[in-house]
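The two complexes that follow have chain A in common; it is paired with chain B in the first and with chain C in the second.
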Partner chain A sequence: MFDVFLEQAAEFFIWDNAFFLFRAMMTTLFMTIVGCGLGFIFGMILIYLRKTPGLIFWPVRMTMIFYVEVFRRVPFLVLLFLVMFTVKGFGLDYSLFTIACISIVIISTAFIGEIIRGGLDSVHQTQWDTADAMNFSRLQTLCHVVLPQAWKVVLPPAFAFFVMFIKDTALTSQVGVLELTQAAKYYNNLGYSAILSFGTVLLLYFVLSYPMTRLGWWMEARLRDRRRDDDEVESGVTPYELRQT
Partner chain B sequence: MHHLEVNGLTATYDGKLLVLDDVSIQVGKGEIVSVIGPSGSGKSTLLRVIMGLLRPQSGEVKLDGNAVNYGNKKSVKALRDRFAIVFQQFNLFQNMDALRNVTIAPVKIRKRDARQVEEEAIELLNKVGLGDKLRAYPDELSGGQQQRVAIARALALKPEILLLDEVTSALDPELVNEVLDAIRILAADGMTMMIVSHEMGFVREISTEVIMMDEGKVIEVGAAAQIFDNPKTTRCQDFVSKILRH
Partner chain C sequence: MNYTFQWGEAFIEVPYLLGGAWITLHLSFIGFWSGATIGLFGALGKTYGGPVTKKLIDWYVIFFTNTPGLVTAFFIFFGLPEFGILLSPYNTILLNIALNSGAYMTEIMRGGFVSVHKAELEAAETMGFTLLQQLRYVIVPHIAKVLFAPLSNWYIWMILGTAMAAIFGVEELTGRVFNRAAETFRSIELYTIAAGMYVAITVLASFILVAIGRWAFRVKAKVF
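== the complex of A and B ==
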């Protein structure tokens, strides 16, 4: 088995293949960034609407809750097929990449929305009341008071979801998106050993997701040290210097 | 005409539990009206309702003779522009240092000049004895210091009426005086205040008028000396005798 592996390796690791795999890797990455990035924005909007008080917004709140509850419980692959056949059914000529992104956005909006809700709920109601009593609008309270306190709760699971979805994009190979797993299938079909093609892709998934995990850790640490940075930015001196004065 | 007038105010939690029952009070300009009573008597709720944090079921609140419409955002906003409230649990914004806690609302909400607001905020924090804690975050401050920041924050809004909701209840006994001293300074400046407090000595010393509440109702209203030395109602006599015995 390893004879074949070594024999094919020299043939496999050439610039053309590296370039092809790099493109597949970028497709995986962009799908995740676009899908989860938009999912983050829509998730924020969803939770804002879900938390809007008043009887008149009851149908909106219920719709948002229904959306989250439904799309957190459907398999990504099923949704992917559903989106693809719906798009085709309407006669729209969307690329497979776009179809995959739409599917990721639908799922990630529900998941990230729920993560953001958890973060907002971690901030005590009294912070809302206090801002309310000072005439902050809901959006101002969210931007100036609640979100800055909620980030440290939101960020770790949001990044974990993002990294998890890098792996889950492998499912888009089922509809033919040329991402990493599809590239591995392609090489395997060309006659390269499965260990070589899928093993290479496995490493590339790691190369893609590990820096993202590190980035998440770095952002969490940065959030913890935010005060220090804020102090430096606003006053031009370090907190240590401030405490000495 | 009174500065603040509350007439027949009734409020419930979830439409079921009656927490304010036909409450009427009047506060004149420069007066300090204290509300006393046992826990759960509706004192804090009264302040929350006045601020529009809890919608009243019936009754009215008048400011200089003009009734506030709590169903109308503009009307509530106009009311909040003239009031400030200090809460029992300080409720400082945890993501901001002391100075920013004081400046955020005047700058971001009232759109006042940031530099001028900051100068005033530093002056206010100096006034409450926290000139050296401008850059300290709430979790780096003691309870008493946090409450004094909260008072400075309320004052930065230049309120016509200041509502103080049991501002010493969450403090260690040795920290109570530093907050009371800050309020004494405000009283000396002629600030109109409504104070909910369990500090009976302080209430007696500072109040123009004292209101005794129980079970959501106003039981007795009178001058501090009358309420504490010669209460008319049995409930008030009972409450005062129990409090003063301790």
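== the complex of A and C ==
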């Protein structure tokens, strides 16, 4: 078994394959950055709408709550296929990469929106009231008063979510996006041993994810030192949250 | 805009899909408890073990929390046969889920062990508690209270994670949708129904878990 493995390894580890895998790795990373970046922006908008006061905006608020609660509870794989068949079913000719990005944005908007909401809630209500008393508009309050304080609470879990999603993008190989997992399947189908192809890709995911995890820990520790008092933040391994009161 | 929805054809499949949902629950339940067992021993080893044990557990946790579950599953599914070990898709997924969530749960449970302070155990000892009583009245309530919410979250997250099993041909909810979508071509409708079912299952699970938490461990939590 191992002689086959060694024989193949000599063929496998060549510059062409390295280049191919590197491009696949960049696709994975790029997909996550685009998806989570847009998700962050949309999440912010979503939470802004969700916090709009007034009776007229009740349906808007409810829609936003509904959106978050639903899309945090749908598996990424199912959503991916749903988006793909909807896009293709309505005759839109988007690339597979775009489809993957759309699904990531839909999911990450819900999750990151929830993270941002936690951050905004961590800022004391008096801050909102004071800004209100000083005749700040809602947008001004958010940009100049609340967000600078909430930032430290939002960033570590949002980053943890981003790192987690690098791994979840492996599922996009199922709709055919050429990222790391798909590359591994490609090599496996070419006849390379599964240990070799999937093992290499496992290592590449690790290389991608581990430094980011460390960066996240570092960021969390650094921001925690600066935080004033005792408000605890879970930059948890579970992005889904059953909120403890 | 040239797609005609035909919900009727999709709704006929609901009983079949519900059967799949049952397998999903089944899978996540077994996976959760095997993961919890690994997590328990991992956390015990990491809290009370020697330096070598700690290092090994560290590496196990770091490896599985930094690699995608899908790729480890592929690795197990296609890699182990090269060593002459053949696993069915269901067992592959179970093994993968157990290993993967074991790593995450080691991390979660360690947080619970840390929360029991030594002073409390000493206090209990001073008051003449036996070891069993200490376990019953001091250690377990503490750990349960700290761990209940994160573990419930993890269980919900795992229900969603088991959708991955469909890729290996396990006929759980997503797998059954794959089957029927391929037969009837009513993909959008079927996937929408499946998504709705996942939402329903997880909401239901959340409510049950919150109820159990309140009743058994006095953990105050809310679903929405």
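The rule is short, and it goes like this: the second predicted complex is superposed on the first by the 214 of 245 C-alpha atoms of A that agree within 3 Å, B and C clash if a C-alpha of one lies under 4 Å from a C-alpha of the other, contacts with A are read in each partner's own complex, and residues count from 1 in each chain.
By our rule, a residue touches a chain if its C-beta (ideal position, glycine included) is under 8 Å from a C-beta of that chain, and two chains touch if they have at least 3 such contacts.
Bear in mind the structure is a predicted one, so any value in this text is a computation, not a measurement.
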Report for A:132: first if it touches chain B alone, second if chain C alone, otherwise both or neither.
first
By residue count, is chain A touched more by chain B or by chain C?
C
Just chain B (first), just chain C (second), both, or neither: which does A:148 touch?
first
In the overlay, answer first, second, both or neither for which of chain B and chain C A:140 touches.
first
So in the superposed three-chain picture, is A:53 touching just chain B, just chain C, both, or none of them (first/second/both/neither)?
neither
With both complexes overlaid on chain A, does A:85 touch chain B (first), chain C (second), both or neither?
second
Looking at A:198, would you say it contacts chain B, chain C, both, or neither? Reply first, second, both or neither.
second
Going by the contact definition given at the top, which residues of chain A touch chain B in one complex and chain C in the other?
239, 242
For the chain B and chain A complex, residues of the former touching the latter:
51-53, 77, 80-81, 83-85, 87, 89, 91, 93-95, 97, 104-105, 108-109, 135, 137, 157
Please output the residues of chain C touching chain A within their complex, sorted ascending.
1-3, 62-63, 65-72, 74-75, 77-79, 81-83, 104, 107-108, 149-150, 152-154, 156-157, 160-161, 163-164, 166-167, 174, 177, 181, 187-188, 191-192, 194-195, 198-199, 202-203, 206, 209-210, 219-224
Where on chain A is chain B touching in the complex?
126-127, 129-136, 140, 144-145, 148-149, 227, 230-231, 235, 239, 242
In the complex with chain C, residue positions of chain A that touch it:
1, 65, 69-70, 73-79, 81-82, 85-86, 89-91, 167-171, 173-174, 180-181, 184-185, 188, 193-195, 198-199, 201-202, 205-206, 209-210, 213, 234, 236-245
